[in-house]
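Several structures are given next for inspection.
Two complexes, one shared chain (chain A), two partners (chain B, chain C).
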Partner chain A sequence: MPSFKKSRPGRFLLHRLGNEKWQWISIPLLSVVLAVLTGSGVILLMGKSPVDTYIGILQGAGMLPKANYAGGTNMLTDFMSFLDAMAPMLLAALGVTVAFKAGLFNIGISGQMLFGGFLATILVGYSDLGGLVAKPLVLLIAGASGALVGGFIGLMKYRYNINEVVSSIMVNYILAYFISFFIKTHYINPVSRQSEYINAAASLTFKGVALGGVKVNVPLGILLALMAALVVHYLINKTRLGYEIKAVGANRKGAGYAGIPIGRTMVTAMMISGGLGGLAGATYYLGYFASIQPGVLSDLGFNAIATSLLGNNSPLGVILSSILITILDKGATFMSSKVGVVKEISGVITSLILLFSAMGAYFRYLIAKKQEDVKSENREEMGE
Partner chain B sequence: MNDSSQAHSNIRDPAGTLAVALRRITKRFPGIVANDDISLEIKEGEIFALLGENGAGKSVLMSILFGLYEPEEGEVWIKGKRMSHFSPREAARQGVGMVHQHFKLVENYTIAQNIVLGMEPVKRFLGGVPLVDMKATNEKIRDLSHRFKLDVDPLQLISEINVATRQKVEILKMLYREADILIFDEPTAILTPQEVDYLLQIIRELREGGKTVILISHKLEEIKAVADRCGILHRGRLVAVKEVAQTSTKEMASLMVGREVILEVDKPPARMGETVLKVRDLRVLNRDKVAVVKGVSFEIRAGEIFAIAGVAGNGQTEIADALTGLMATASGRVFLLDEEITRTGVRERNLKGISYIPEDRQSYGLILDYDLSYNLALKNYFKEPFSSPGGRLRQEEFSRYAERLIEIYDIRSNRGGGSVVRSLSGGNQQKAIIAREIDQDSPLMIFVQPTRGLDVGAIENTWSQILKEREEGKGILLVSLELEEVMALADTIGVIYNGELLTVKAAKDFSKREIGEYMMGVRKDA
Partner chain C sequence: MIEIILYDGLAFALPLLIIAIGGIFSERSGIINLALEGLLGFGAFTGAFMVVMADHFLPGSQPYGIYIGMAFAMVGGGLFAMIHGLLTVYYRANQVISGVVINILSMSLTAFLTRQLNAIIFNAASNRFQLGVADRFTLPLLSEIPVLGAVFTKVYPFQVVILLVALLAYLVFEKTPFGIHLKASGDNPHAVEAAGVDVKRVRFAAVMISGALAGLGGISFAYSISANFNPMIYMGYGYLAIAALIFGNWQIGNTLLAVLFFGFARSAGYELAKALEMSSTFNDIIMTLPYMLTLLILIFFSKQNAAPRALGEIYDKGKR
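Moving on to the complex of A and B:
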């Protein structure tokens, strides 16, 4: 495409994208832009307006004001609800990220969420403890139980070489059915067909807080999640344990050669990963929701894998991708009722984003090559 | 010494005696010019050797000829036809075949199945359903192998045959595809001296049979022995094309490296001290619980280079892995400086004083995705000053340490300590490992294949480093498949065959021929 290379905006774009210092963000952005454009094509094929669709999604997620609101709500209500939904997504995606760093694929986040959420619900959620005791206890129990499940999967992998994908999927179902059994026999609410609602003191989200004349849900989980992202970032990049986890993930043989205890490192990484999954479960089942639907594994635990990938498996990148994926997820219902595009379009756009982000390395290569071409052209123009 | 006048004249080669003509080939990768204006002609029926250091551009040039890369500038002509929009499939159709350095064979297929893979003789079942005609295949392969004197049993599984036979299979693969321009990429790297002689004989016979052979090699002796002409690449440029009969190995070496090379080792007499390593009746089992090291005993003293010579796969790597703790010791005992370490973990052995330059640098010696500074501290990262007692890494200490080693050991990279090791050339990756391991200042150093894949300049450098460590009074275990290397460096040589040390003698009491015979398991000591 010589015309592209010659054109001014083309050169400008090439120059910007070619700056390797910023490629960690510029390349994912490029993927998102391409996905949004391609998604627009799909929406156009359905005969709807892409602009309206995207606006609808942003409105539904509390990013843009809607035309009118139900009584006692406004954009802040939607935005806080968005944060409420983003907290478990961010925590779950961080969980996936930590496992990825150790070269492991934790597909069992859903099960770890459920296990952590369930134990916290029955041990704290139905107790009479006050909020100051109950909330930390919820986090402690959920985190520890998630870590236990994660650690178990790690141990199976190291000790008996059982593929973590297989064992975590099996553990997912075992947990889902066991917990379903206990909920149905002990904790079922006959009307909602879900577990009984937890007491407000145990909830990580303050529901219906009056704020500026409207009622909003104030999620503590989002603070926890953002803090967790910073802690994971520090852990992975600045500590001895992070060095070992990444070494085991990048090259298990090399790590063994260096004397890094591979088994211990893998189990530790899976415990952290599962612990984050457990925390995600706490903010999900005892925050965003207040009960558990028996026999169902949350989609969120699986979408977290996509979120982690989109965030380039970097803890800070995952913050951005969680925002994006949660917007698409959260805004879809409102958009669908307003614009009339089926809400599955969100899934389509999410998949497109993933598809394009998976091409990141190719984009990088392409850009480097084009730059090389431009350089050699310049050389020729200057008559060498 | 680019023959540019010829390149410009645009010869069509009417007589059709040129197998390959490359005209003004330039290939760039981001940051480097891999092939810089290379023009080269290879005649039909000759053995043409391509010589050059690592990173000189040999593989890139051959990949262009094989259709894997498209050059930015220049033309590829094969048998008088200009190739454009060239692909490996098209190259194969034109009769270009390649035996890669690392064999590309399916382990659980038979020899015949491997050879025909992708071009299977087909019979129709019930007049329509295509089936592979295995009977015809086996016969065809048997004929082919007789015709070219490359006898193999078509029904044997690849997993059951040795390296030399595998290579024959690769050659037959090309011949089956009716290739007549045969590229051999470092074919002798893994063979015993006897096998090398045999392979060179095969190459000569292929030429007699009218094939054109392109031989990529570092080994000047072989080129001297077999090639007609030799093209020498240096830093992406073709610096000379020589008639092999009219040049010396010394001249070729200096052209290749760009300076005089002395591969003569200046080895002062050994001054051996106390025993550093004592190995008693070492047995090691592989993953299938089969003994691969069967009761090996030896000792290494300070200031001694003890070399284990042998054909690949006879247990030498496993000895090294067992000594460093990477593989479990089934029975027997290992003492380091009179302290038993038979059951000690890898890290503890490192700390007690074992340095290890492993055979497989990329999967064991380095974390390729880590930068150089992280890799150079791979065995120290957990200690002060790299790590605080609380477990926080001190980035600045990593950088400082890397700067020091880079300076001393001349490790070249684009961004110093911050370069991702994957981007370093093979030679510099090896330098990084050697730098790290020498700097551990361990009483025992284990070198496994330390110069594999390195060019003459780097070999010279590595050898002198090993000898320097010997002077420093280190005990050195050298495992090498290269007899030259063993002969040049060792004070004591043990020859391993099938997991047993057949003989251990002072290096001066061995002849090369004798070692070769032990390596094949032909001779046994009483």
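Moving on to the complex of A and C:
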């Protein structure tokens, strides 16, 4: 494409994207821009306004003020609710990230969330324990049970060479159906068709707190999630285990020759990943919500893959991307009622981001190739 | 009871077979295809949408609905598979990631389009396309045979189509130059290139075929399981098909045995529950059967199988 190389904006874009120091942010931004543009095309095809749609989404997520609010709420209510929703997303995406670092694809986060959330619900959520005991216990149980599931998948991969994507999906459905069975036979609320609500002491979100004259939900989960991001960052970049995980992820055989125990590292990485999934489940089912819908795997576990890829699989990058993906997810319902585009558009834009992020390697390859072309062209020009 | 197990088992096994054959086409050409789940879903969506459209705008098309559905499911699945083909064959994306991306894209896109198209075209707030009931037919004489007659009892029209397409796919795979090139591309792409065949084009075509076959399986599930298209089509059956083809060692014949095993185990589970007079709450437990079996089968068969040698590698002409 000679026109691209010669044109001014082309060179400008190439210069911007070609700077490798900034590619960690410029390539994800390119993915987001492409996804937003493609999404706009879809919205236009449906005869609606993309601008109104995106503004509606931002308003619904508490990022922009709405025209009017229900009594006792304002933008802070929406924003705190956004933070409440972001906590499980960030934790789940961190889980995906840790597995990715070990070269594994944990698509079983939904199942790990459900298992952790379910066990914490029945063991602690329905007990009479006080908040100071109950809340840490919820995290402990959910994290441990998630780690168990993750470790099992890692073991199947290492021991029996079973593709972890296939086994995670099988485990997801097995867990979903079994838990559905137990909820329907033991814990169902006949009116809501969901599990009975948990006691407030076990909830990780303080519901309906009066703050500045309005009622808001205060999520503890977001603090936990941000702390987890720092811990994972430290673990991956500063510890021996992190180094081993990255080595196994980059080149399994090579790591083996270097004396790194491949099996143990893979299982450990999957346990950490699953544990983060379990914690995500705690903040989701015992924080953002207070009950479980039987037989349903949360979309969040899948959107977390988009979040992780968009965040370049870096724990700190994932903080930024989980803000964006949560906005899309959280703002959709309000936007739908206001603009009339069905709320499923959020999922479409999220998966488009995922699609373009998956092409990130290709973008890098293209940019590097184009730069080579430009360089050789410059050399020719100077030679004349 | 044996009869019910046989014909219900077949109604589940055959769609799974055609999806698995799709997977074999892609994987034997060297492209990992975890996208089967998304491809069967998007195919089923396209087919179901065309059935509903035909029903709405072409009154009298009703009896042919299932054939319209099958034809367009193959078209839709094949076209959607082009994304996987572009990403993996031409854009050097990781094949596992690309597959999962396609699945998530398919789920969200069909959920969005079903709701939005229902609202725009039919003025209905619904997340499903209602399909007509596919009439099951029973062959008069053959079905009288004891036990085996069940094979010819309560047959869905799609089962016949699937058998024909599967036979055709088998012939293409085993007897044509394209089939030979395809298999060679998965084992030794450089030799294929040296023989003057475009490896990338062969792989791209294989991925598209896998999409078309998965689409056919998807619309069949939509007809047999729920008689409509809705988000419940994503039940992990694409992944079951992958397990079946691993179990079948990437051979069409062995994979047939694997899906029959899945199908009969599933229908036998339901019949067992009925015979023991268990309440319907136990359906949840029975539903886990295919997934549990898959895990067990994978545990026993994953170690010794022989995957295509170049499976999952990005093909680069310069690299040797």
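Just so it is clear, the second predicted complex is superposed on the first by the 348 of 384 C-alpha atoms of A that agree within 3 Å, B and C clash if a C-alpha of one lies under 4 Å from a C-alpha of the other, contacts with A are read in each partner's own complex, and residues count from 1 in each chain.
Simple rule for what comes next: contacts are C-beta pairs under 8 Å (C-beta built on N, C-alpha and C of every residue); 3 or more make two chains touch, one makes a residue touch a chain.
Every value quoted in this text rests on a predicted model; they were computed, and no experiment measured them.
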Superposed model, chain A: greater residue contact from chain B or chain C: C
First, second, both or neither for A:Ala368, with chain B first and chain C second: first
Touched partner set for A:Val133, first chain B, second chain C, both or neither: neither
First, second, both or neither for A:Leu241, with chain B first and chain C second: first
Partner chain in contact with A:Ile25 - chain B first, chain C second, else both or neither: neither
Chain B versus chain C as contact partner of A:Ile162, first or second or both or neither: second
Partner chain(s) touched by A:Ala250 [first = chain B, second = chain C, both, neither]: first
Which of chain B and chain C A:Asn172 touches, first, second, both or neither: second
Chain B - residues contacting chain A, complex: 28, 30, 72, 324, 326, 345-350, 356, 358, 360, 363-370, 374, 378-379, 381-382, 387, 391-393, 395
For the chain C and chain A complex, residues of the former touching the latter: 34, 83, 87, 91-94, 96-101, 104-105, 107-109, 111-112, 115-116, 119-120, 235-236, 239, 242-243, 246, 281-282, 284-285, 287-288, 291-292, 294-295, 298-299, 302-303
Chain C contact footprint on chain A (complex, rising order): 42, 46-47, 105, 107, 156, 160-163, 165-167, 169-174, 177-178, 180-181, 184-185, 295, 302-303, 305-306, 309, 341-342, 344-345, 347-348, 350-352, 354-355, 358-359, 361-362, 365
Partner chain B, residues of chain A touching it in the complex: 238-243, 246-247, 250-251, 253-261, 368-369, 371-372, 376
